[in-house]
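Common to both upcoming complexes is chain A, partnered first by chain B, then by chain C.
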Partner chain A sequence: MFGLVGRAVESLYYVCVGLWTVAKHTGRAPITKEFPDTMPDLPGAFRGRLALAVNPETSEHLCISCRQCERVCPDKCIDITAHKSPETGKLELIDFKIDHGLCMFCGLCTEVCPTTCIINTNDFEMSDYSREALIYDLKKLTLTQDESAHYFSKKYLPIPKPKPKPAPKPAAAAAKPADGVAAPAKPAPPAAKPAEGAAAAKSAPAATDKPAGDAAATKPTAEKKADDSKDSEKEKAAPEPSAAEGKAEPDKTEG
Partner chain B sequence: MNPAVFEIGKFARLTVIWLSIIFGAVWAACWAVGVFAPALINASGMPTETASLASEVLRALVPVVAVAVFIPINAMFMVLCERRALALFTVRKGPNRVGPDGLLQTAADAVKLLFKEDITPHGADAVMFTAAPIIFFAPSIIGVLPLLAAASGNHELFRSVNLPTGIFYVLAIASIPVVGIVMGGWASNNKYSLVGALRSAAQAISYEIPLVLSIVAVCLMAGTLDVVKIADQQKDSLLSWNIFGGGALLPYVNLVVAGLQGNNEQVQAIMQHFQAQPLGPFAAVLMVVCCIIFFGIYITGACAEVNRIPFDLPEAESELVSGYNTEYSGIKFAIFFLAEFTNLFVVCSIASIMFLGGGHAPLPGLEQGFTEMLGGILKQLPGSKEIFSPGWLINSLVNPSTVSQAFWIILKTYSLVIFAILIRATLPRFRIDQLMAFGWKRLIPLSLILLIALTYLRELV
Partner chain C sequence: MAPEKIEALTSTRLKTDEMIINMGPQHPATHGVLRLLLTLDGEFVKHVEPVVGHLHRAQEWQGQNRTWFQYQALIDRVDYLSGMFTSWAMARAAEKVDGCQVPLRGEYMRVIVSEMNRITSHLLWLGTYGIDLGAMFGFPFYPFREREKLLDLLEAISGQRMMFNYIRIGGVQSEAPPGWFAKVSEFVKEFPDRVDEYEAILTNNPIFIKRTKGVGILKKQLALDYGVTGPSLRASGVPLDLRKTKPYSVYDRLKFEVPIHEGDGDTFDRYVLRVKEMRESNEILRQCLEQIPGGTADELRERRKACNSCGKADCSNCGGDLMIMAKKQNAGLRIKAGEGFDAIESPRGILGCYIISTGGDTAYRFKWRNPSFCNLAALPDLLIDHPIADIMAIFGSIDVILPDVDR
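On to the complex of A and B.
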């Protein structure tokens, strides 16, 4: 009998403790995120819509048409169209299509990309009225310079080096950004490295923090070379970017 | 400012706005039917006999109009209030999209439900399927009527619904809805519905006994079944409420007060009274304890009676899809929903009338002071004798005593509703065997023992 009363009192006590605990929660700020009004604060590693970044400083397209992402994609949702430029003999990106209806946001493409061009953005609002509308083309995929800068800083990605331009062709610059970085496939002749390039390479290890200065260092050389080899001397132009790239690679691993 | 305070403020604003809408509408409807229309008829120059007959009929209709206006709006408010309060307890925001700050959410839901397709499942018994929600809903309208008399302070318009056996009638009516549930569950031709309905029947029968025994205890102390009289007996102060023994402690408090005031004659008189009853103080304390436990039993039984968490086994979502109303849709489902919340309101208002002093203020003098103040203001109004002048309109619209009583009973009843929501936010659901064991092996013996104890204690105090 007394055991029963004791148990009754004890259980009543615990019910009251529970009620009080719940009542205390009234004093807490609601954790609700009112999504359409306030966007969720997503971490940089969030795997949202895929996009192609441009260099946050020079706004040149980072894709080099190496097709690594296309090869690694489990869903085969990436479709790259590129051709070898008859002028420079390098791969030139014509179109880049990602079918987000197929994509499963595994992020493998972003891992294999050698230039950190393809990235997962924080955008997840892709709903549309047709499946075809989910196939994004190059224009839709490419981020602006500001967006790229935002994601590079948010994901803690090293700022890529600007590619030296072989010729002052501003119209073609965006269309064939592959120039410089496609070069490492060929064996770079180290003997062709000019003096200016060496000077740039010297300053390179410390240059990740100040790529602007780096760009300033490399630009004159590129322009000079371009002047030298207008049309015909393609071989001469190639080693020059390759030298720049050759120093960019160890640079990345060090940084 | 702390966002939590902001949320509580929003909840309070919502409650105040909705309560003003509900009771403003009820008040206006009652006034229009019971006061304004008869006055209009009398002033219209009809033959006297016809006019008086017509106004009598209109006055008799007032309680029905009040309930008919009150129940749908109140159910809308209670659903919204429950969702917002649950959101507060679970650190969320709750519905806040429809209308200003979600105020119209349940109104929109009601409209949606009314326009939905009304489906009768294949193999269902169509007649009983249709009758079930009506049988479930009708008792909550009929049963609430005697409470109106107590809630309005026995206002002359509601005097007709005050029955000498009021609470007995309410309890008798309150046990009808389970028939509707079983009918609905059986007629749905669905095993989940049937199991839910049978559980509901078992639960209602088990928990009705302690519920009724706790009400019987109150009636025993009050010596009447009339809700108006029970409420009036508790009018003095907090200490004369039935939850605190119905005035058992009052003489002792008076003694202490008289002692502090140094009123020796009164102290002597009270002491003489105590010498006749030497066990009095002891019995009084025991009686208060009994009454508080009875109040707990009543709340438990009421939660089970209206199928609320932790006793919501008839509609346990995880076991039975939605219980007895699985197959219902559209307006029939809306009626089930309406009835459920109205039942919750009814049990809470019974609790506040039977245990918490009805429409009377917790402190002595508060009610009277308010009534006199409001009455004084109303008397100042010009032209209160001339018919259809602004003074007459306000004077006939506002009855000071009824305003005060309505305010307190609204406060008490909705506090209990919020407490029921707090219980819902806290406790998990019982298992069916635990439910039965708790009802039959714990609550019923406890309430029987307490009832017998109360019978004797009453004589000793």
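On to the complex of A and C.
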């Protein structure tokens, strides 16, 4: 009988100890954050949506179409369309597609990128109504100059050097003074931008009025022009990526 | 429930027809998708057949069809609650084959992040175990509060909360961001008080004791026969912990005790042992933060300003023990031809990885020794003659993670 009473008292004591611990927490401020109202404070290393950075100082696109990210991606969610410019003989980026529905956010593409162009942003709110909408193209992927500067400082990345001058072209020479006004810090002529270079190289009549528009404009407009001109050169660019894919296929299946 | 009481309840007076029912695959308490084929006599379990494989993702096959570099990103998904350990097991096996020596700072970083990961894994187990036993309101949030702090720290260093991809072949991926070490030592200071809080709520609670004491007794010999490892084995009184019995990495430089419970090996013992292990992990963290060569990342950055972070191997600020990576990783990472096995102590038990490499950029063969799979094998013997209500108390206590069972 005494044992039973003793056990009951002991049990009651330990229940009270537990409840007291719980009660101590009632007065303090809540730890949880209400998500849509307060955004989480994410670290710079956070692996969110993929994006392509531009040079934070000169706003030139950093991608050099080396296709390392495309090759290393375990999910094969990156698709790069590039061609060799007939004038400069260098690779020029035409389109860059990332299927974020396939991406597993491992961050391997950002590690292999030689120019720190492809980066993981801190954006994670990407829900959409269709799977097709998750395929981001070059225009949607490219960050603005301010955003790039923000991520470069947040991730402690070194600011990349501007690209070397390409061989002078008649179209580029005309553009030189206008561009100098818009971005005095930029040493390279506007043709250094691969997208614009592609456009300039392809459509000769468009090239004459392009530099003036481009000098005042920001990056997205240049990309838009690249998109517009893309259609005309699709046939030309098509054989190259398919050949590259054919090469990649054997190692994938053979193991 | 005590066996003799069960005997009394299942007397011929209450004998009913045997019934076969499915528990799962999607049961809220199975921590994944496990199907238990139960043969019941009234309330009591007569026979259990776990049906595994619902989460099979061909992890070994994928390892043989991806490059070493790509597979490292995938391997965290095997045991998603302790991704550092799966990465570490693979990295150690590959380093053994390749013969590369991890720098001392890299080894310390590995121990720090994986002990943090061990604490998060045990904390999640503690919270969900409360749910399994019916403590639906409130209790899970106490361990999850600390877990969230640790996951934020791991996110800051690796980039993601659970799929870290941080421990790589040859070292660790990156140096800690500024202020990271200070935050970890802050956590290490306050964590023992938090564990006291969980224990105040749970350990002596009469309801908790009634549900767990004498339930699901795992005898020493049975545990050894089935190859059970980790806290479940140590709760049965076998002092097998690879960190102590076969010290790898820098564990031989650290002073810590492996908690061993000389009890029956019941559900309560396994709970007590995991709580003790969290305290030990915290102790290991504290020592690592003191011992790590080069000090905190902020101190090291200050020192490296002198040589402008040259990164040369013979530099006194960058090279030698102060590196975190033995060789720079790139997409074409290759491992020398050969084969090797290495095992580490994960929160669930001994996690082994066996590799055959032919010298190319993909592995010829991968084989994983997953602790959860072996621990699950003991489950049918533990469940027999227990009522249905105890199934989740026992299943939760052996801390199985289903993706790790099925791979």
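Assume the second predicted complex is superposed on the first by the 156 of 255 C-alpha atoms of A that agree within 3 Å, B and C clash if a C-alpha of one lies under 4 Å from a C-alpha of the other, contacts with A are read in each partner's own complex, and residues count from 1 in each chain.
Everything that follows uses one rule, which is that contacts are C-beta pairs under 8 Å (C-beta built on N, C-alpha and C of every residue); 3 or more make two chains touch, one makes a residue touch a chain.
The shown structure was predicted, so the numbers you read here are calculated from the model rather than taken from an experiment.
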Which of chain B and chain C A:120 touches, first, second, both or neither: second
Partner contacting more residues of chain A (chain B vs chain C): C
Touched partner set for A:26, first chain B, second chain C, both or neither: first
Touching partner for A:34 - first (chain B), second (chain C), both, neither: first
First (chain B), second (chain C), both or neither touched by A:94: neither
First, second, both or neither for A:107, with chain B first and chain C second: second
First (chain B), second (chain C), both or neither touched by A:18: both
Touching partner for A:72 - first (chain B), second (chain C), both, neither: second
Residues on chain A lying within both footprints (that of chain B and that of chain C): 15, 18, 21-22, 31
Residues of chain B touching chain A in the complex: 2-5, 7-8, 87-93, 422-423, 425-427, 442
Parts of chain A lying in touch with chain C, wherever the complex brings them together: 10-11, 14-15, 17-18, 20-22, 31, 42-47, 68, 71-72, 74, 104-108, 111-112, 120, 156, 251-253, 255
Complex contacts: residues of chain C adjacent to chain A: 64-67, 69-71, 73-74, 138, 145, 148, 152, 155-160, 163, 165, 173-174, 177, 197, 200-202, 204-206, 329-331, 362
Residues on chain A engaged by chain B in the complex (per definition of touch): 8, 15, 18-19, 21-23, 25-32, 34
